[in-house]
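Presented sequentially are two complexes of chain A, the first with chain B as partner and the second with chain C.
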Partner chain A sequence: MPELSVNGPTTLEPDIQQAMTEKLLAMGDDELILAHRNSEWCGHAPILEEDIAFANIAQDELGHAGLWYGLLQALDGSDPDQLVFFRDADAFRNARMLELPNGDWAFSMLRQYLFDSYEMVTLEALAGSSFRPLADAAEKARREEIYHLRHTQAWVRRLGLGTDESRRRMHAALDQLWPHSGQLFAPLTEEERLVHATISPAPEEQARRWREIVIPFLQTCDLQVDEQMKDQPAGRDVHTEHLLGLVAELQQVARTDPEASW
Partner chain B sequence: MNEQTGEVSNQAIWQALEDVKDPEIPVVSVVEMGIVRDVNVVGTTVQVTITPTFSGCPALHVMREQIAARVRALGVASVIVDTILYPPWSSDWITESARHKLKGFGLAPPLKHGGNVPVTFYEPVACPYCDSENTMVKNTFGSTLCRAIYYCDDCRQPFEQFKAV
Partner chain C sequence: MSVNTLAPVDTQWPRFEVFQQVREGAPFANVGAVHAPDPEIALQNARDVFVRRPHTHRLWVVPATEILSRTAEQLADGQEQADAPDEAPDLTAVGDERRYYIFRKTSQRRSMNFVTQWGDVQAASPQSALRLALEQFAEDRPAFVWWIVPANAVLSSRDEDVSSMFEPAHDKSYRMPTEYHTQTMMRELEAQDRDA
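Let's look at the complex of A and B:
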């Protein structure tokens, strides 16, 4: 992973630095874990075009993980390869909905749509961050996300308004995913410091913006959100049983020969 | 190279970098693609600043190595290749000469968007083989991150387009 040269200072006040590293790790882990799940569709998608599309989306999200881990490296010197390949599963800070197994096509597509739209509102806000390196990386990723959203919106609409079976599967996927979606906006322990320093936006404001976009869109796809369904309010240090297997597979080759040069 | 000082001119470096091709599109150079943003000669050190087309582009590290090797071949001992993210790369920066070469390679060049990519989504894309605009998008994702797949209804050829970004 190439080291990035960033504009502006890469040191922050110690208390903000701590909050920023926590934030960047969560952002990088979200992208990495979803990229891994997406890559599992390679060779298995329902049609060739979608096989290619999910492989591309996986590669994009991996690239975005590289942006966030790269910023982390500039801030505290941590090694992205070490973070990805030699960190134990319980140290990952991704949101739980991203580690869930792929399920059927409807589940994967809806998860990708929910995450893409979350990413879009997040990146739009971060592009105005007072921390210049973060603003630059956010604007870079935002432009690429345009293509993801265009793709996932088209599929959510097609499946939601499609056949009885596609609708049934989408409803099942929504019931399973929606309770987890709130965790995307759950504040990190030190996040308030970042909000106060205008480095990142207030999570509750972001959640409101996201819901204003996502809920009406889902309604146009004949998908009604059940607002009563909520996830357990556990932090990002709590995972489902599915993360362990994912991380084992992700790291298997690197851990077989840690000294190998690639 | 200046024999006395051992310094290479800025212009000579830009010219040499025209030899470094985009590994995924071997007909166009990293200069024509707008990937090379700046060249700085400081004493005997050369600093080349590049920016990625897509952040997940796997060709980036190959380009960095090839750029460094090409500058070293000019007799420069110390080469630094920096990667920056701002301003973010735009397909509008691809030169006219490169657009022509992309088309010759069978890749429809990206439509100009002036910073607003979605305006290109509803514009017709001309087939690079027969110039017909009677084409349709088959997949907004293609064989690399920067390509989309189209089909020409006139000459009945599938083709790829370099995506606007």
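Let's look at the complex of A and C:
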């Protein structure tokens, strides 16, 4: 296998391009759907400062979605606005844990932590991608993820080690979220082509690294992962009933007047 | 359990004052306050509330109860020693000398900042630090307000935090309120109403 290099090509072979578009769509959809869920906290977070912090994180994730959709546009010409506002829910390829309703603050914080850790592991690997535009975008997003992770780690620790109530809520959140976490690493169709071309890392290796980081950290927060918990089915084309409502709300204004200019 | 129904129950987290340094070596300026359960969360909240726009090199957060604050009026009334009831510095503790940062406000023009850092002194208490400051730091313009901040009450961001906490703000577009041309738009709408 060739060495990873950030000085690689900026265009892709046709057989790799198809796999790359699928990958970028999944990455963009993850960020978009999580950003939308986080934005629902705006005006409702437990305290003003955290309201601002979480809205800030939501905007960052939306910005990351823009990075991945932008790369996709450069590859196959697809219009990010069309993808976001005029695509039917069943065509979204986000992981299911990101579309689940916000639940309580513990659930949203833990979900954000699990995703931030996933994103960090992914971005660190992508910073060495042989596909240079991807490496550059990953490096840009990574700086913000360092801060997200610091924030969500701080809250997971405080809630996990906090009061009986905060601990009870965190345990409930972990029980609900953990079975969905494996899907983050489910290989996409022909993703092995990207791995072979050192464009993106091997999903199973990423899953291993993620678990090595997340499980010990959660333990320090008095949150035990039940390794026996059964994973939900893996395909990103399978969604919960919650995505439909989310996408309807996300697209409502744009679809009311598709010709409007903003 | 008895509840004091006369006093409103304060459910807010403690208040931390936030100080921003725009570039290395520049004086810190108080830009506002955040509520937080502890200093680390306060530092993060300070970043989220006050660093949306570029140019921060370092942030400090300080529990508000650690700061001795005096207005020119209070000083004129001889209140260097007296302490407001909601301020916590222990007036009786006179131990080893500690370092205090001295902040003051000398201009009403910079509305985004309250007090700005002027220097620091070694003193045995906030009150002696204030007295030293009043003696040592004669300026052309009188100070409206003095703040005395114990150095050991400061939680500071670190050099390695700059790239993740402050630099991403450089890449974000933002609009000043004037860019929305709200007043112009309102006048046009009013004019349309009059014409109609």
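Note that in this section the second predicted complex is superposed on the first by the 251 of 262 C-alpha atoms of A that agree within 3 Å, B and C clash if a C-alpha of one lies under 4 Å from a C-alpha of the other, contacts with A are read in each partner's own complex, and residues count from 1 in each chain.
Operating definition for what follows: a contact is a pair of C-beta atoms (placed from the backbone, for glycine too) under 8 Å apart; a residue touches a chain by one contact, two chains touch by 3 or more.
What you see is a predicted model, and the numbers here were worked out from it, not measured in a lab.
Chemist: Put the two structures on top of each other at chain A: do chain B and chain C fit, or clash?
Modeler: clash
Chemist: Figure out whether A:Leu62 sits in contact with chain B (first) or chain C (second), or with both, or with neither.
Modeler: In the superposition, A:Leu62 touches chain B alone.
Chemist: Looking at the overlay, does A:Arg158 come into contact with chain B only (first), chain C only (second), both, or neither?
Modeler: Second partner only.
Chemist: Using the superposition on chain A described above, determine whether A:Arg150 touches chain B (first), chain C (second), both, or neither.
Modeler: Touch partners of A:Arg150: chain B and chain C.
Chemist: Contact-wise, after the overlay, does A:Asp136 reach chain B, chain C, both or neither (first, second, both, neither)?
Modeler: Only chain B; A:Asp136 stays clear of chain C.
Chemist: Kindly classify A:Ala26 by the partners it touches after superposition: chain B alone (first), chain C alone (second), both, or neither?
Modeler: neither
Chemist: For A:Leu123, decide between first (touching chain B), second (touching chain C), both and neither.
Modeler: After superposition on chain A, A:Leu123 lies in contact with neither partner.
Chemist: In the overlaid three-chain picture, which partner chain does A:Ala53 touch, first (chain B) or second (chain C), both, or neither?
Modeler: In the superposed model, A:Ala53 contacts both chain B and chain C.
Chemist: Hey, is it chain B or chain C that touches more of chain A?
Modeler: Counted on chain A, the partner with more touching residues turns out to be B.
Chemist: Tell me which partner A:Leu194 touches in the superposition: chain B (first), chain C (second), both or neither.
Modeler: neither
Chemist: If the shared chain A is used to align the two complexes, which stretch of chain B, 7-15, 43-51, 79-87 or 115-123, clashes with chain C?
Modeler: Given the superposition on chain A, chain B and chain C clash at 115-123.
Chemist: Indicate the residue numbers of chain A shared between its chain B interface and its chain C interface, in ascending order.
Modeler: 49, 52-53, 56, 60, 63, 140, 143-144, 146-147, 150-151
Chemist: Which residues of chain B touch chain A in their complex?
Modeler: Residues 49, 52, 54-58, 60-61, 64, 82-86, 88, 117-118, 121, 138-143, 145, 149, 163, 165 of chain B touch chain A in their complex.
Chemist: Going by the contact rule at the top, pick out the chain A residues touching chain B in the complex.
Modeler: Chain A residues touching chain B: 2-7, 49, 52-53, 55-57, 59-64, 66-67, 136-137, 139-141, 143-144, 146-147, 150-151.
Chemist: Spell out the part of chain C that touches chain A in their complex, as residue ranges.
Modeler: Within the complex, chain C touches chain A at residues 13, 34-37, 40-41, 44-45, 47-49, 52, 163-165, 167-168, 171-172.
Chemist: If you look only at chain A, which of its residues touch chain C in the complex?
Modeler: 47-50, 52-53, 56, 60, 63, 140, 143-144, 146-147, 150-151, 154, 158
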